[in-house]
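So the structure is just underneath, and the comments pick up after that.
Labels for the chains are A, B, C and D, by order of writing; each one numbers its residues from 1.
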Amino acid sequence: MNPPTEDGHYGRWGGSYVPEVLHDTFKRLKEDFAAAKADPDFWREYVELMSTYSCRPTPLTFAENLTRHFGGAKIYIKREDLNHTGAHKANNVIGQGLLVKRMGKTRVIAETGAGQHGVATATMAAKFGFECTVYMGEVDVLRQRPNVFWMEKLGAKVVPVTDGSRILKDAINEAFRDWVTNVDDTHYVLGTACGPAPFPEMVSWFQSIIGIEARKQILHYHHTLPARVYACVGGGSNAMGIFQGFLDDDDDVELVGVEAGGHGLSTGKHASRLCSDDASPGMAQGYKTMFLQNNDGQMLETHSVSAGLDYVGVSPILADLNDKKRVRFESATDVEVIEALNLTMKKEGIIPALESSHAFVQAFKEAPGLPKDSAIIINQSGRGDKDIFTIAHALKDPSWKEFIINEAREYQQGESK
Amino acid sequence: MNPPTEDGHYGRWGGSYVPEVLHDTFKRLKEDFAAAKADPDFWREYVELMSTYSCRPTPLTFAENLTRHFGGAKIYIKREDLNHTGAHKANNVIGQGLLVKRMGKTRVIAETGAGQHGVATATMAAKFGFECTVYMGEVDVLRQRPNVFWMEKLGAKVVPVTDGSRILKDAINEAFRDWVTNVDDTHYVLGTACGPAPFPEMVSWFQSIIGIEARKQILHYHHTLPARVYACVGGGSNAMGIFQGFLDDDDDVELVGVEAGGHGLSTGKHASRLCSDDASPGMAQGYKTMFLQNNDGQMLETHSVSAGLDYVGVSPILADLNDKKRVRFESATDVEVIEALNLTMKKEGIIPALESSHAFVQAFKEAPGLPKDSAIIINQSGRGDKDIFTIAHALKDPSWKEFIINEAREYQQGESK
Amino acid sequence: MERIYHQRGPRISAGGKQMKLEENLRRRRENKEILLMTHLVLGYPDFDTNREVIAQMVENGVDSIELQIPFSEPVADGPVILKASQESIDHGTKVSECISFAKEMVEKWDIPFLFMTYYNIVFKYGEEAFFKKCAEIGITGVIVPDIPPEMGESFYQFAEQDGISPVLIFAPTSSDERMEITGKCSRGFVYCVPRKGVTGTKSEFGEELTQYLARCRKHTSLPLGVGFGIQSRADVEALIGKADIAIIGSKTIKLVDEKGAASVGPFIRHLLGEK
Amino acid sequence: MERIYHQRGPRISAGGKQMKLEENLRRRRENKEILLMTHLVLGYPDFDTNREVIAQMVENGVDSIELQIPFSEPVADGPVILKASQESIDHGTKVSECISFAKEMVEKWDIPFLFMTYYNIVFKYGEEAFFKKCAEIGITGVIVPDIPPEMGESFYQFAEQDGISPVLIFAPTSSDERMEITGKCSRGFVYCVPRKGVTGTKSEFGEELTQYLARCRKHTSLPLGVGFGIQSRADVEALIGKADIAIIGSKTIKLVDEKGAASVGPFIRHLLGEK
C-alpha cells in the first residue's frame, strides 16, 4: 500500500487538522510511530504479544455448509472473533499499547461505539498498567451495557457522553477534548483507521496483521488467491486490516467494503458514507473524508442496528481506494443483517457480530454467482455475544423478554437470588 | 496415563452401569472410540479441525502483573477461554462430533449446567449438520439465559428439566432418558469426564490437547516444568485435560484440582466431592465415584456461584488420582472466587469464567510461597462473559441493575426500541 | 362383586426357605393365562396410601408387586415415577422405612413382593446387608436396572447366596449374545422391555412385539414379564400366549393421583377381564 | 451610569477597504490598558437574544466580538459552547442566517466582528466564497481552530486575498519553532491559550502565565489575546501589561442562560473595572 503524503493525505483525503494545543503531541506521535514502524523488533514484539496474549494467528475457517448452501464460491471466514476480547479491535489496542509504553505515557483514553474498542482498550490498559478513561455516547452506553460493565470491572472509567446525538462521533469529540486537556501523560487510543494522521496509517498498520495472515492461509488452503474479500466498514479498520493482504494484487482480488444500510439508503436512516448520496467531502474530527452531513456541513444523525458501524465518517484511506476504484463499496440493511446472522449461526455454528454480519450479507449475495473453484474470504471482525441484547430484541425472542422482566422484578423487589 | 480396566474402572471408580437398553450402544461406542483412538488420522483430523474452526493451540499467557503482585512463582495462564464458544468444552464436543460422523449417527443430545457445554454442542451440531437437543436444569436455564438464547439461535432445542433439583444432575438424567428412547440415531455428547465408560476416557482424551500444548509451551517459555498446575473441577474435564500433560512427571509437577467451596465446606452448601466430608462412594448416572449424597444414597443439593461446578459427582479418573495422591484437591468459596476474578480482570485484562476463577483462587493462595524462579500454570477453562448476569449480581453493580430494570420496562410497555 | 384373594394364609415355602420367586410365579401361572404384576413407589404419596393401594391390588387379583424404593436419580424411569420418587424423598422417606413397610406387606399378603430400586441404594446400604435384609423380611426378588451382570459380580453373588432373585432385563436392542448372558444371570423371571424408552411410554403391541417376545423366549426358560405401557385389558390380552406376566407400571400411580386408592381395584379387575 | 460606546458612526477605513483587524485593534489599544473581546454562539438561544446581548456588550465597552457559527462537532470547545452550538443547530440555525445576522451587526455597530467556527463550515461553504462573503459583509477576521497552517494553504491564501484576518493560536505546548510558524501565519492578533484544555476551563493566572505570555510576545509582533477562563475583573487585571486583549468566552453564555441578556452589560462594566 502506498504511504500517505508527508502531511498525512491519501489523495484528497486524510490530513491532520488538529487544534494547536495538540500539534506537538501529534508531531511526537508521528515521529514515535515512524520510528516504531521502521523498527523490525517492534513489529516482532507486537506479533509475539498477539500470539501469547490473544490467539494470533486467528484461524481461517472453511464454511463448508454455507458454501454448499449457496452453491458458488468457496466461502472462507477469517476469525477475528477469536481474538481476546472478541474482535479485531484487540490488534489495534495492543499495538498502540506497545507504542504508549515506548513513548513513556501512563494514561490512555478512548472513544467507543459498540463498546468493543472500549473493552479492548480497558483490557490493554489493565495489561500494561495504564490509567484508562473511555468515552461512550450515552445512547451506546444504553445499548451496549454489558460492555460498559466489563470496562468498569477491568478498571476503566467509563464516561457517558451526553452531548450531541450521544453516539460514537460525540464520544470522539469528547475524547479529543480530554486529550487537549491532558496531553502530557495521556495517549488517545483511537479505535479505527480514521482521525488525524498518523492514526489512519497507524491503526491500519496494526490491523494489517489480519491480511498478512489471511493471505498466507488462503494460499495454504486454497492454493490460489481469493476472488473477493469482504469486510464491514465502520471507521474502516478491520477492512483496511484484511484488504492490505491483497491490495497489491490489483484486479486479481476484488475488495468489497460493506457499510451500514440501516433502514435502507433511501430512508436516510443509515450510515453509508461511500455508497449513498447523503455523504459529501468534509473535514471533521481532524481529517478529511466523506461525511454524512447536510449542506451547511453539520453532521447528520446516522443509524445502524450495529453500534460499531454507526459513524458519520470513514477511513480516508478507504475514501481514496474508493476514488481509485480499488475497493468496491456496498451496503447491507438491518433486516438483511439479521437474516445473514441467523443463517450463519444455524449453518456453521458461528456467531458473527452485527457489524461483521454486514460483510456476510454481501458475500451471500455474490457467492452463488461465482465459480465453484473460486474462493472468497469474509472478515468476521468480531463475535456476536456482545450483541445479545440487540439481537434478542431484533429477533423478538419471547423467552429473553420474559427473562429480562423476571430479572428486573427480582431487582425491584430487592430479593436476593 | 494408565488406561482403565477392560470394564472401564480406574481403581475403585468408574465402570459402566447402564440400563440394558443402552448396553449395545455403549458396546459399539466403546469399539468405535477404541478404533478412533488407535487411528492416528483421527487425532490428526481432530487437531486440524480445532486449529481451523477453533483457535488451537490456545496461547499460554504470562501473567506478568499478577506475578509481580504476588511476588512468588511466575504465573502462566492457559487460555482455553479463547476457544470458539469461549471454553475448553469446544475440544470435547468437536472430538465427539467427529466420532458421531464416524458412527453415522445424525442426532446429538447433551446435558448442560453452565450452558457452555450446551452452546458448544449446539455449535458443533450446526457445524456437522446434526439435529440437536440440549437438556438443562430449569434453575440453570434461569441463571444462564444468554447461553440458552444462543443455543436456540444455533438451531438446538433446549429442554428445561423441571424434575429433581432442576440442575446439572437432573439434566444428565433426562438426557439419559432421551438416549434410552432414541438409541438408534442419537449420540449423547456427554460434557465432562464423567458418566459410564468410555466417556471419562473419551472426554479426557479429547481434552488432553490442552495438556499436550501446555507442556510444550511452558518448556518453550520457562525452559523447565512448572512446579504446580491448577484447574477447577466440576466434572473434571478441563482438569484432566491439562493434567495429562504432566501426569507422568510424577512428583516434579504437583497437580491441584479446585472444587466449588460454595458458602464454605462447613455450611454444607458447596459442591466439593473430594475435599469435603459430605461425599462418599456411590454409583449414579452410570459410574462409580465420590458423590455428595446422604446416608441412604440420595444425592444432595449442591451449591456454587458457578453453574459449571455445581455437580454431585466427579470424574472417576480424578477420584482415582486422589486415592493415589497424584492430584491434590482444594476448594474455593464463592466469595474468594469473586475476589480472584476482580483481581485478574484489573491486573491482566483477562476475564476468567466463574468456574475457572476457582483455580485462580488456589493459585493466588500458593504463588507467594513458591520460589521466584519457579512457574505455575492456571488453566483458564473459559471466559467470564457468559457470567455477566451472575457476576453483575454478585458484585451488586447498581448501573447493571438499573439497566435491566429499564430494559424490562421497555418490554413491559411494549415500546419499540 | 367382592372377592378376596390371597389373604394372609399359610406361606407357600420350599425347603425351609421361603419359596423362590420363579417357583411361586410358575405355580400361579399353572391355572392362569397370564399373571398380573403391579408397581408402586414407596412413600408416595405416603405409606398409608401405599397400604391401601396394595390391599386393592392384592384383593383384586394381582399376582406380585414391585415396591420401588425411591432414588433421587432414577435414570430408567419416566416422568411419573420420577416425580413420585422425588416427592417421596422430599417429604423424608427413608430406606429403612421402605424396608419396614415391605416387611409389613410381606407378612400381610401372600403374594411375592419385589424391591425395585437403583444400584446406589443397594450399594450404600451394603450389598451383603441388603440381600440379608431382603431374605429376612421375605422379599423374593429385586429389580435394579442399573447393575448389569458384568458390573455386578458381588451383587449377583450376594443375591444368590441369600436366595433373592435378581430380575434382569431384555431390551429390543439386546443382541442374542447379550440375551444369553442376561438370561443366565436373571432369576425369577426376565423383564422384557417391549420398546426403547423409559417407563410410562406407550407401547405398540403389534407383530414386532410378537417376534421380539419369541426371540426373548429362545434365550431363557424363565417366565417372561412384559412392562412399560400396559394400560388396558386389550393390552393384557395381546400378551396372552406370548408372555407370562403383564407388568403395570406408572398407570396405577397416575390413577391414584387422579382418583384415589379406591380406584385401583376396579382397574385391576378391568385388566383381568372381569366385569 | 449610562454610557454609549461605538454607536453607528463613520467607519474607520483604510485605503478604500475596511480597516484591517490588526490596525483597528492597535488604534483601540492606544488609549486603553487592555481590550475586551467577547463571544457568543449565533442562534443561541435565538438571534433576538444575540442582538440584545451584542447591544449590551458594545454599549458597555467591548472592543470586538467573536460570532461563533455553530458546528455539530466543536472539538475545541467545552460543554457550555458545545451545548449552545448543538441547541442552535437543533432548532434550525443555518449558516446563511448567521451570515445575514453578522452583516446586520457589522452595519449597526462600529467594532470589529470576527467569525469563530470550525473548518468544515468554511470547507462546505467553499473557502473562496466564504472569505468573499466575509469581506462583503464586513467581517474582519476569523478564528478557525482546526485548520493549522500546514493544512490550510488555500484557506490562508483566500483569506489574505480578501483581506480577512485569520487568527491563529498559540498554546503552552507550542514549541518556539511552532510559534514562529503560526505567528507568521496569523493576522489581526494571536489567540494565546493560557493552558491546555478546552474553552470554559478555569485558568490560573500565575507566574507560569507571565512567562508563557512573554514567550508568546517573543514570537510575534501582533497583539496578544488571551482567552479561556476569564471570569472577573481580577482576571482581566492580571493580564494588563502582559497581553493586549482579554477574551471572554463561555462565561457570558452562562450568564445569559441564568440571568438573561440584560445582565451582560453590568458584567462587562465589572470586567472593565467600572463601578
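FYI, contacts are C-beta pairs under 8 Å (C-beta built on N, C-alpha and C of every residue); 3 or more make two chains touch, one makes a residue touch a chain.
Just so it is clear, the structure is predicted and the values come from calculations on it, not from any experiment.
Colleague: Mind listing the chains that sit against subunit A and also against subunit D?
Modeller: Touching subunit A and subunit D alike: no chains returned.
Colleague: If you average the Cα atoms per chain, which one ends up farthest from subunit A?
Modeller: C
Colleague: Could you state the distance in Å from the CA-based centre of subunit A to that of subunit C?
Modeller: So the centroids are 66 Å from each other.
Colleague: Averaging only over C-alpha atoms, locate the centres of subunit B and subunit C and give their separation in whole Å.
Modeller: Going by mean C-alpha positions, subunit B sits 39 Å from subunit C.
Colleague: Roughly how far is subunit C from subunit D, centre to centre by C-alpha average, rounded to an integer in Å?
Modeller: 99
Colleague: What residues in subunit C touch two or more of the other chains?
Modeller: In subunit C, no residue touches at least two other chains, as defined above.
Colleague: Scan subunit B for residues touching two or more other chains and write them down.
Modeller: In subunit B, no residue touches at least two other chains, as defined above.
Colleague: Viewed as a graph of touching chains, is the assembly arranged as a line, ring, star, complete set, or other?
Modeller: Shape = line; chains linked end to end, path left open.
Colleague: Let me know each pair of chains that touch one another.
Modeller: Here the touching chain pairs work out to A-B, A-D, B-C.
Colleague: Any idea which subunit A residues touch subunit B in the complex?
Modeller: The touching residues are 51-55, 58-62, 65, 79, 82-84, 86, 122-127, 129, 142, 145-146, 148-150, 152-155, 342, 345-351, 385-386, 388-389, 391-393, 395, 397, 399-401, 403-409, 411-412, 417.
Colleague: Which positions of subunit B touch subunit C when the two form their complex?
Modeller: For subunit B paired with subunit C, touching residues are 7, 15-25, 163-164, 169-170, 173, 176-177, 180-184, 280-286, 291, 293, 295-299.
Colleague: If you look only at subunit C, which of its residues touch subunit B in the complex?
Modeller: It comes out as residues 71-79, 82-83, 86, 89, 94-95, 118-121, 123-125, 145-148, 150-151, 168-175, 178, 182, 193, 196-198, 201.
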